[in-house]
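Heads up, the next two complexes both have chain A, just with different partners, chain B and then chain C.
What follows is the complex of A and B.
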């Protein structure tokens, strides 16, 4: 068994080595870094699906919230924008939360009947208008100052590592809201509700300019202690190092930076694998699998199924949020337009299912393999398509097929998912 | 105070667009709910099924147009519908044979089938984008006359300040949707096959005992779903435009409509479609114009009287979905 796993990982490693030799090491390492982050996301999804059987389609939302946290925590503050309306904006948000809390309290405390419904409606409607009144003033004040370069509240200027933790916490908070509502109902409802929260998260990030500049993107986010290429190219020690190994300093610096990221992300991944394995083999992990395999029996044994589901749903989302924050830190910018459900929700699902649901190592393997496939087909797709359409005459159809070859990866991954689900539902590395 | 103008402005900017959109959502949600009722899973591929049907209809529209065949004032795509439905039905039956039948025979947990539908969604999404006349860009394929009634003509006719414009595509949507729903309910209530479908949906084992052929029920369901999805997709595309990504995103309002109405209940799907469509339009409409006729100008202030910006449409359908899940998880019409 262990030998088989080793061979599988070696095979995936070989793919990256071949990419490095045939294309370039820069591309290979870039894909590998994204692969490691995808593997962390897959670990989070595996907690939800593999340990507990929860099907969430809102993974993109957790990733995006992680990215947002990087802007809010680690980007530089915009004191002018903050002075224009920061405190008022926070107060209006607090008011919004207070209104919802008041409505919930009214719903819980009052006796059922028309008076209760009326009170709840009145609280919500009046509260909404009061909230909008203060919120609109504050957000407008913030957005009108220096809109070309800032126009948002800015961050706290804290280290990226804190942003990663905040990203995990934000994703966890969103998961709590969804879990509270949709867990305990039919399993499809969770899938539908999470699809919605992900879309809303993205809508907020695209449209609330005071928060993270919306579609104008936030650039120049700080790196998590990783050196910049331009600095390396100036540093004497690096130049002599590049000289010693006989490499061009510019190429060497880009590869060096990616290697630093790889070590960093790899350490996080290994830590998470270790924690996940410990959790899975603890009494808690056994209880989780017992609940997954037979909810009724577990309930009869006195386990609180809904609370445990909520717990693992939040944990999984937090891990995905962490990876989302790390991704944004590495890219150095937040571009809400890049988040798409196909890439950040359903692709992660393919990773988990192909790798082996319920098995942490499987998810990691699936993450690395599918990320490689996804990014390599993007590069190699047009080449393959031009061979495949070799026999066609030059013209509209042929150029259309070659141009849209990048879309081939949707088809490929769909087929892979269906084939694995049918013929090898346990995945490459099955659950023990 | 000018109630008539306010009413016309409301009809023109809120009621007519929302009604058309509601019909399109209702047809989409009917498809989702029928799959759920008979096959017992939520199909994530439904948005892309609609897109596939629409691409097929666009292809046949081009063929018809190239041969000089049009439908007079009506969009040519309506003539292309039967062919497109046939293609979509064949595609869905093929998908069932290749993918879903296996899981049905094994009687796996519905959530596994839902995940399989995600795989189908990927494949269909890719196919739609690879089709030569499809691609990823926006396509407008509505032809014929643009308006059934133009705003200027209405103003002249009534002497009101506000105009009421009715697009041909909106009128086509409403009429087609009404015909479809009538045909569907007649089929479900009156025909033998329809009755066996309902029986199968209510209690699979009992239906099997009474000699209903499950494979036939499933096939008929897929054919009806293909018709509904193609019609919903074509109507939406005529009214707005066709773009694969937009169709994929329609999944959320359609699911919301089906859940709000009660998953598995056809009547509920229609009600849910209208609830979602009207809420989306009403919450994101700037009421300034309508209110301007009803109240003195100095009461209103400078705001647009818009509850949420139009970018938050998706949030509206989701908020209603959450509300229904919290208050009445079986939906308005007691789904499953």
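What follows is the complex of A and C.
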């Protein structure tokens, strides 16, 4: 068993080595870094699905919240925009919360009947307009100041590591809200709720320019303590280092930066694996397996199934949010348009299933392998297709085939999923 | 121990439990008999918090426990087993037992990461307890077997064993003898009597095997069509006209008379 796992990981490692040799080490390391982040996301989903059987269709939402946190925490503040309407905006949001709270209190305190219905409706309708009035004024004021470069409130200018933690916390908070309402109901409600909240999150991020510039994107997000290539290329120690190993300083600097990311992300991944393995091989893990085996019996044996489901659902989302924040920090920009359910929900699911759900190592393997496939087919697909269509005459068909070769990755994924499920239905590294 | 007052549980228009009132006395092994579909399992499900009642009340030692969730009832010492065995099939028999004790230190995530020593100590004592239970039930040889792979009767025994991992006050056993061979049934019967005598467990036992009921239970309550028909010793209940009539309807008269 251990030998088989080792071979599987060695095989995936070989893929990255071959990519490095045949294409370039830059590409290989870039894919590997994304693979490590994907592996972390897969770990989070595996907690929800593999340990507890909770089916989330909103993984993308957690990733996006993590990305948003990077903007809100680690980007520089925009004092002019803040002065234009920051406090007013916060007040209007507070007003919105107060309106909802008032409606809830009215619903709880008043006796059933017309008066209650009327009061609740009045609070909500008037409250909504009052909220929108202040909110629109404030957000407009913020968005009109320096819209080309800012137009948003900006962040707190804090270190990226804090942003990662906040990203995890924001994803956890969203999961708490969803879990509180949808857990304990039939499982399809959870699937629907997560899908809906993820799309709403994304819609807010795309449309609320005061928050994170919407689809205008936020660029130049700071790196998490990782040096910049241009600085390395000027640093005497790096130049002499590059000289010593006989490498071109520019290439060396790009590779060096990616290696630093790899160490950083790899450390987080290993830490998370350590934490989850410890938890799984403990009475906590035994309890979770019991709940997954038979909820009714676990309840009858005194376990608070709903609370445990909420716990693991929140933890899983937090891990995904953390990876989402790390991804945005590495890319250095927040691009809401890039968050698609295909890339950040479906693909992560494929990683968990192909790797073997219920198994942490499986998720990591699946994350690395599928990320590699996804990105390599995108890069190598057109090249391969142009060889494959070598014998065709130049013209419409050939160029069409070559141009759409990037889409091959969907086909490839489908084939991989089918093959793995056919020959190893429980994934490449099945749960014992 | 348990008082049930005018309990109803309807499914749509169907009255599975239709105004049942009964009492289970502390220290007793109360039998609950009745033809299939009488509403016995549904009654258990309502008492044990798995289903909410349509109306009616359940009291435990004078406290209203109607509609409390199962894990809170467990904490109060009210445990149950299932008509169809509910083992944790992917776990070993020993793990099935070890998961039971409440509020284990190792169920706290923080402790699983940072208090390994405390957990190890607690695990050792829980494991010893589990091994004791296995020995009590004479299934020590099954300890490392996956619970999904043992026989139906052994699963029933395992479910009884789970209730022994804590200090229960009352245990509801649903058809503990269904599909269990004679020898194993005797083992189960012995275990129930010992638990009742030595550890003061109160039992409420649903069972169709009248020999088994006769050996263990006093009093016996008979249900049919969601109502309690009769209560008393097995002999009294068996001679109750309404009980005979209820069983006649399902062709079990001979079984009752001869048993």
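Basically, the second predicted complex is superposed on the first by the 399 of 432 C-alpha atoms of A that agree within 3 Å, B and C clash if a C-alpha of one lies under 4 Å from a C-alpha of the other, contacts with A are read in each partner's own complex, and residues count from 1 in each chain.
Here is the rule we use: a residue touches a chain if its C-beta (ideal position, glycine included) is under 8 Å from a C-beta of that chain, and two chains touch if they have at least 3 such contacts.
Computed from a predicted structure; not experimentally measured.
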item: When chain B and chain C are modelled together on chain A, clash or fit; value: fit
item: Chain A residues touched - chain C or chain B, whichever exceeds; value: B
item: Chain A as apex of chain B and chain C, Cα-centre angle in degrees (nearest 10); value: 80
item: Touched partner set for A:299, first chain B, second chain C, both or neither; value: second
item: Which superposed partner A:378 touches (first chain B, second chain C, both, neither); value: neither
item: Partner chain(s) touched by A:287 [first = chain B, second = chain C, both, neither]; value: second
item: Chain B versus chain C as contact partner of A:197, first or second or both or neither; value: first
item: Which superposed partner A:229 touches (first chain B, second chain C, both, neither); value: neither
item: Nearest-approach distance, in Å, of chain C Cα atoms to those of chain B in the combined model; value: 13
item: Chain C-contacting residues of chain A that also contact chain B; value: none
item: Contact set on chain B toward chain A in their complex; value: 36, 41-42, 44, 99, 102, 109-112, 114-116, 118-127, 129-130, 132, 135-136, 248-249, 251-252, 255-256, 259, 263, 303, 307, 309, 311-312, 314-315, 317-318, 321-322, 325-326, 329, 336
item: Contact set on chain A toward chain B in their complex; value: 53, 55, 57, 128, 136, 181-182, 185-189, 191-193, 195-197, 199-200, 203, 206-207, 341-342, 346, 349-350, 353, 396-397, 400-401, 404, 407-415, 417-418, 421-422, 425
item: Chain A-facing residues of chain C, complex; value: 48, 50, 69-71, 74-75, 79-82, 86-91, 95-96, 98-100, 102, 104-109, 112-113, 116, 119, 122-123, 162, 166
item: In the complex with chain C, residue positions of chain A that touch it; value: 275, 278-279, 282-287, 289-290, 293-294, 296-305, 311
